[in-house]
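Can you read through this structure? Questions will come right after.
A, B, C and D label the chains in the order they appear, each numbered from 1.
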Amino acid sequence: MSLQELLLLRHEWALIASVLILLVLELNFSEEKKSNSISSASILFAIVTLLGFLPAETGSTFGGMYVTDPLRILMKNILNISVLVVFLQSGAWLRTKNNYNRITEFYLLMISSVIGVNFMISAGHFLMFYLGLELLTIPIAAAASYDQYKSKSAEAGIKLILTSAFSSAILLFGLSLLYGSTGSMYFSEMEFSTNSLQILGFVFFFSGLGFKISIVPFHLWTADVYEGSPTNVTSYLSVVSKGAAVFVLVLLLVNLFDPLRQVWQQVIYGTAIFTMTIGNLFAIRQQNLKRYLAFSSIAQAGFILLGVIGGSALGMASVIYFVLVYVFSNLAAFGVVIAIEQSAGKINMKDYNGLYKTNPRLSLAMMLALFSLAGIPPLAGFFGKFFLFTAVAESGYFVLLLIAVLNAVISLYYYLLVVKAMFINKSEFPVPYFQSDYPTRIALSGCVIGILIIGFYSPVFEYIKQLCLASL
Amino acid sequence: MVEQVPLNHALIITTLMFFIGVYGFLTRKNLITMLISVEIMLNAVNLNFVFFDHYLFPGKLEGHFFSLFIIAIAAAEAAVAIAIFINLYRNIRSIDVEQVDKMKY
Amino acid sequence: MNILISHIAVPVLTTLALMFASTQKQVRTIAAGGMTIQLIQSLVLLYLFLQERAGGNDAVVLFKQSFAWYPSLGISFDLGVDGIAVAMILLTSIVIFTGIFASWEVDKLYKEFFISLIVLAAGVYGFFVSLDLFVLFLFFELAVIPMYLLIGIWGSGPKEYAAMKLTLMLMGGSALLVVGILGVYFTSDVEGVRTFNILVLGQHHIPIEMQRIFFPMLFIGFGVIGALFPFHTWSPDGHSSAPTAVSMLHAGVLMKLGGYGCLKVAMFLLPEAAQEMSWIFLILTGISVIYGALATVVQTDLKYINAYSSVSHCGLVLFAILMLNKTASTGAVLQMISHGLMTALFFALIGMLYSRTKTRIITEMGGLMKVLPFLSVCYVIGGLASLGLPGLSGFVAEMTIFVGAFEHEDLFHRVATIVAVSSIVVTAVYILRVVGLLLMGPVRNEGYYNFPKAKWFEKIATVSLIVGILVIGLTPLWLSDMIRDSLGTIVDKLVLK
Amino acid sequence: MEFQYTIWIVALPLLAFLINGLGSGKLPGKISGWIATIAIGISTFLSYQTAFQYFSSPSRDKIIAFKTTWLRFNDTLHIDLGVLLDPISVMMLVVITTISLMVFLYSQGYMKNEKGYDRYFAFLSLFSFSMLGLVVATNLFQMYMFWELVGVSSYLLIGFYYDKSSAVAASKKAFIVTRFADLGFLIGILMVSFYTGTFDFEILTNPDNLSFSTTASFLGLSTITWALLLIFMGGAGKSAMFPLHIWLPDAMEGPTPVSALIHAATMVVAGVFLVARLFPLYHAFAPTALEVVAFVGAFTTLFAALIACTQYDIKRVLAFSTMSQIGYMMLALGVSGYGGEEGLGYTASLFHLFTHAFFKALLFLGAGAIIHAVHSNDIREMGGLRKYQPITHLLFLIACLAIAGIPPFSGFFSKDEILAATFATHPIYFGIAVAVAGLTAFYMFRLYFIVFWGKEKTYDHTPHEAPTIMLLPMIVLAVGSVLTGFIPFGHFISSDGQSLDLHINWSVAITSVAIAFAGIVVAWKFYKTESDSSDKVARSFGSVYTSALNKFYIDEIYILITKGIVFRLIAQPLAWFDRNIIDAFMNLLAAITNWISSQIKEFQSGQVQKYAFIFISGVLIIVLSFIYATQ
């Protein structure tokens, strides 16, 4: 195994390195300097992210267990960026008394989970995929129960770990069946010939992955875990782990499971409808913003499936593009929620009444984020959604499209509820004016800028689409 | 020389095991036992892999390795899970799953 | 710089400028200044357009400009205007111009108010100048969304309910539009990379069974904002809760996006289905015309009266379009413009009266003619225009519609026309009812005598609208000819087999 | 084209309107009155000039003095604005300008102390403009446009005292009723244009180059008949023919000079003018329509005359007599044939229109002078005015004699022609006409005797003679009422443009005059001195009398239909339906969505095991569905 081959794993190496460096640094920080690891971690990760963008050669190693190509690199970079944003937003929270001594742990857990993400995306063999998946999940379960003294946090952790263990068991069962029917776990070697055993295996496998994307009916953990976990972890869950799972799903379905197209198109057709509708119906009546965003993210997952179903280059491109947009929109929304939670300790919708009076900038950021999620022009979300719709229309599922657009209208309703709270409703005790720390502000403004320009800057989409065409 | 058990029987066993595990997960109220049920499910999967290697693809080791990794990871998972259970116990003085429903609707 | 681009640029720049303004004075001045420039350049556009046409340039659209945007999807930023678009742009400029003055005294969050108002206008301009379905749709939604904030924040009465209802219903309409647009995009027999360009799509054919699916979607999708029965119910609540300028802009311009879209997208791209299905929608629109008028007769809230009459008038627009012939369609466009001016005038006046009497219930007012002669006379003029008095814009539009509609060979259409014509009587009834109760009769209470007289900005607003009404009413020929010529390409596809 | 200047006849009043309208309230003193009067004065001069020029030439062809395209509908249909000169339009020009001028002068005295003096003259000029534009219209649509304008200016003038609610109501009523009639007119125009492809009178009034299928299309009448009937509906509305007459009596709420100009002499005869204008069309293609015209005319003339006998408001009496006289004209048109002696009715009708304009205007102005003096409209509060207002008395008497048809006053000649026209062909109509002649004489002289003789009432201040500015126009009109009868009308106006000598049909003349005298005598017996004999007779008539007194309850019927049925049974339910069905449906959708979302919340029970159960069952369901599908 030559050095070039090892260099293919650049992202992973960088992450592992950053973990080690962080450990070493942490040893040198004195008690009162613990909080330095916040800045150092952020800087380290920023470097990692930048490294990701350097030109890299592509290929496969470990005898095909590990594959990398421009498309996968792009996916990793997107997720790296979002993780960076999450890190930038978590400073204020980590500085609080309870967490002060365990700051570094948070970063270690997160980064190791990111490593999992990277391996999962680059997997060329189901073993690698499985390792990545678990490496992605387990640390997050730990991070979810990070707030030692909050029973809700523990509850979230338990729900996450149990359900994910359960789901991965099911996934593995499916994998074993696939193995039995194909005789290999190498994506390159597996051959499918839609027999019932394979369908069985596929469905089990799909449900395991769907659990991560929180597709109905595998979504029920989402709301509770999102609500209970520390908000930063929630934003990570809602963006990174979901995004990673989506990427993998697209890659596997379009390349590996192409022979089963008939099967998975039907599966996705059904689940997509349920996912969108259920997500919206639950989101309508949420008061706790974290739960609210949880259900909105479920609904968004439903929209993402629309792009998957076509299984064409356009479909893949629209999905990846949408995830990119969704990353910015959702992180902006969470950013605001986090900021307010940290400053005022409030996460209920009615606490946001009259926010515009006291914190106009935050309110605007929130409004843009929500409008982008709702798909309102000229924000990026509009383009993302429209391309998804284009993808589904391309494959001719106009009924599904109709259901989707009607769901989009419902979603607009509850997104407007928050806007209404911030801009229209009166409140005698609005959240007082405050100024969050620099990293948060940088992160937020970054997201907002992203929301504003991505749509107009068409090369982004065009580039993604070329990569997808190449990958088919 | 005992004659070999046919694959179907083996698969029936594993499937049964798997769903026994599922059943346990759905019914037992104690978090630990639920965890154990998951382990049962995973072991069913392990058996699957091993059986497939043994019957269908003799000489291939993928299945065996896969099961090894599964065992390892299961251990890690269990460790984290237990840690969280303890954390929960600190907070609510119970590890009854039915009390873990503060967040709903 | 292409004049069409500058039509979008000016509002955008104005918005940017507003963000840096601080005092109410600055905000007003910037807004008014920007919109004045806009009005002027719209007039220039009109002049240039007529020049070009006079110069024998009979291209379908003029001032074309095209920037590739999403080449792989065939999305490109295509601009271009025909006579109809020019007319609508001019209308928009007048209405937004007057709207700024009508909302001169907004003091709550004035900055945000003007920003949202002008963003809305920008959306409308974009809608009218774009030739690309995707861009068109983008601007369409861009124009709809600010309504929510405008009504929700600055509105009155059950504003939150009204705002939410309006936004959701209109978005429901645009949801159908998405399906329709994508349907057209994928089923049209364009070779190679598909395109959203309306003109290109117009030259290609769509299989009839597909048309049957997508025509209703597009027509209803646009029809919702055109207050098509039974999807009109957002209109009364929305208009009555909205602040003055918003009602003006919304009833004056936004509702016209519906008719415009139906004509230039639905009918133009799906002609066969349009012919097949016109009768269904003809019945619906016929209902809107009569129904709206009759429902108006019993209303007592000025804004409701105007909202319902708008339902009736806009119903007439769609009604005329569905007659599938040049004259009627010309009438439809004329009606859009004339109704835009009239209803803007009405809402402006209602706002001005409300700011004095603090009520909009006509039975609680009376004898305003004595105390507010200027505004009252303006109201009467608007009323006369609305009931189709010759010499005012309403007459021109309605007569063109009626004559055109009556040209139709088919008896059913002519009978429908007669039904629609009968609405002019009902119109007279409710207009005179309002005038009688509101302006005439003895002065209702002594307090009226110390109402402030019409202020200068109020006069600017009303007078410029009335001038528009009079110009169209007295010399309609140039306008109707301009519109006629542009209708050729659309209507020729609709010639009845 | 030597008639170019005629455009100014129409344009000048418009000019006056603009000046007075825009300058309203800013013009110094009473100048606006003079602006308007001078403008109309010039118009009058010009129209006399036109008449002289036109009639001095032997040909009676249509002359397009001026024409411009105003709006183009399609290649064939377009609205032109222009001036069309032919015998009737020229005659109308003369009538309108003359009466207008007189009324304008009169008004300067009558309205001297009124608020809104400028407004008044602005509206009055607007009216003259519209009316002139109407009569010179070159095509149906131009006519319709000015028709509407006339309606509006009438609306504005009736509602001149806009702070008086009765006036507001009256103006509203007038506008809406005529509007309803115009609906018919418009549809008629649409139908005609649909079949002929033109609005142009030049083509329409020349039946040779038209052709219609006269086969029955609907209810056994041909389409063209329906079209012309609908057009006549418009005419009937403006001319207050039964049953569209109800607005006219209320219209008397307007200032009296306005009534004289609009509701006696000019606007109300527009209907007659319309039918006369399209007469060739009617005669050639829709004889049935003409019969309807005749019947409506006959019925109205009798109907109105009966009511007139019972009214006590001086202006209403005159209003009903106007209706009755217009009924005469319609009747004459209806029974007329085309060409030569056949066309006598046509000529007679327009002749009566001409003469009637003078004496009816005079009557109204006189009434105005009286009201001005006693400040009341109720004749029961008048009496013995002849010694206070000798001149007015004399003029009024002349007018009464004229309308009663006593030779040698103008009314005699025109009415005689109408009777002659009916005599030959339609005996029943003749009977009615003669009877009405008697009634006319009766109610006019009833009025005359009560007001000028009768017993003196106590006036809060002694009535005074009207000022010169008011008397002058009345005198002019009186002269007109005396002399116009001697005009050889047939030489100028006839159905086919050939000159036609009218000669008095003595047998008819004598009967009518006799009847008229009878009427006068009866009136003299009843009312010259205060006596209850009239009431006795009235009582003897009983129900007929009371119902006539209540205008045969037509208004009540209308109220029932509009308020009771349209408003309460249609409009209000509709509004309710809109709020509570359609709108509610939209809200229902939202409600349902919320309801569902509250119903399914149990799925999110918070129990991990339930989640897992749903998870696994989801998996199994999908699997099973596939197994089922493959089977």
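Note that a contact is a pair of C-beta atoms (placed from the backbone, for glycine too) under 8 Å apart; a residue touches a chain by one contact, two chains touch by 3 or more.
Owing to the predicted nature of the structure, the values given are computational and were not obtained by experimental measurement.
Asks: Counting only C-alpha atoms to place each centre, which chain is farthest from subunit D?
Replies: B
Asks: Suppose every chain is reduced to the average of its Cα atoms; which one is closest to the average of all protein Cα atoms?
Replies: Chain nearest the overall C-alpha centroid, as shown: C.
Asks: Have a look at A-D versus A-B and report the one with more C-beta pairs in contact.
Replies: If we tally the C-beta pairs in contact for A-B and A-D, the bigger total goes to A-B.
Asks: I'd like the Å distance between the centres of subunit B and subunit C, where a centre is the mean of that chain's Cα atoms.
Replies: It comes to 66 Å between the two C-alpha centres.
Asks: Determine the centre-to-centre distance between subunit A and subunit B, using the mean Cα coordinates as centres, and give it in whole Å.
Replies: 27
Asks: So, what's the distance in Å between the C-alpha centres of subunit D and subunit A?
Replies: Between these chains, centre-to-centre, one finds 78 Å.
Asks: Indicate the whole-number Å distance between the mean C-alpha point of subunit C and the mean C-alpha point of subunit D.
Replies: 37
Asks: Touching at least two other chains at once: which residues of subunit A meet that condition?
Replies: Touching at least two other chains: 158-159, 162, 166, 170, 223-224.
Asks: When you check subunit B against every other chain, which residues touch at least two of them?
Replies: Residues 25, 34, 100, 102-104 of subunit B each touch two or more of the other chains.
Asks: Quick check: what residues of subunit D touch more than one other chain, meaning two or more?
Replies: 601, 604, 606, 608, 612, 616 - these are the residues of subunit D that touch more than one other chain.
Asks: Please list, in label order, each pair of chains that touches.
Replies: Result for touching pairs of chains: A-B, A-C, A-D, B-D, C-D.
Asks: So in the complex, which bits of subunit A are touching subunit D?
Replies: Per the touch definition, subunit A meets subunit D at residues 158-159, 162-163, 166-167, 170, 196, 199-200, 203-204, 207, 211, 216-218, 220-221, 223-224, 263, 266-267, 270, 278, 281-282, 284-285, 410.
Asks: Once bound in the complex, which stretches of subunit D touch subunit C?
Replies: Those residues of subunit D that touch subunit C are 25, 69-74, 77, 79, 141, 144-146, 148-149, 152, 155, 159, 162-163, 165, 168-169, 172, 175-176, 179-180, 183, 186-187, 190-191, 193-194, 567, 570-572, 574-575, 578, 582-583, 585-587, 590.
Asks: Would you mind writing out the residues of subunit B in touch with subunit D in their complex?
Replies: 22, 25-27, 34, 97-98, 100-105
Asks: Across the complex, what residues on subunit C touch subunit A?
Replies: Going by the criterion above, the answer is residues 69-73, 75, 134, 138-139, 141-142, 145, 148-149, 152-153, 159-160, 164, 167-168, 171-172, 175-176, 178-179, 182-183, 185-186, 213.
Asks: Can you list the residues on subunit A that touch subunit B in the complex?
Replies: 126-127, 130-131, 134, 138, 141-142, 145, 148-152, 154-159, 161-162, 165-166, 169-170, 172-173, 175-177, 179-180, 183-185, 223-224, 227-228, 291
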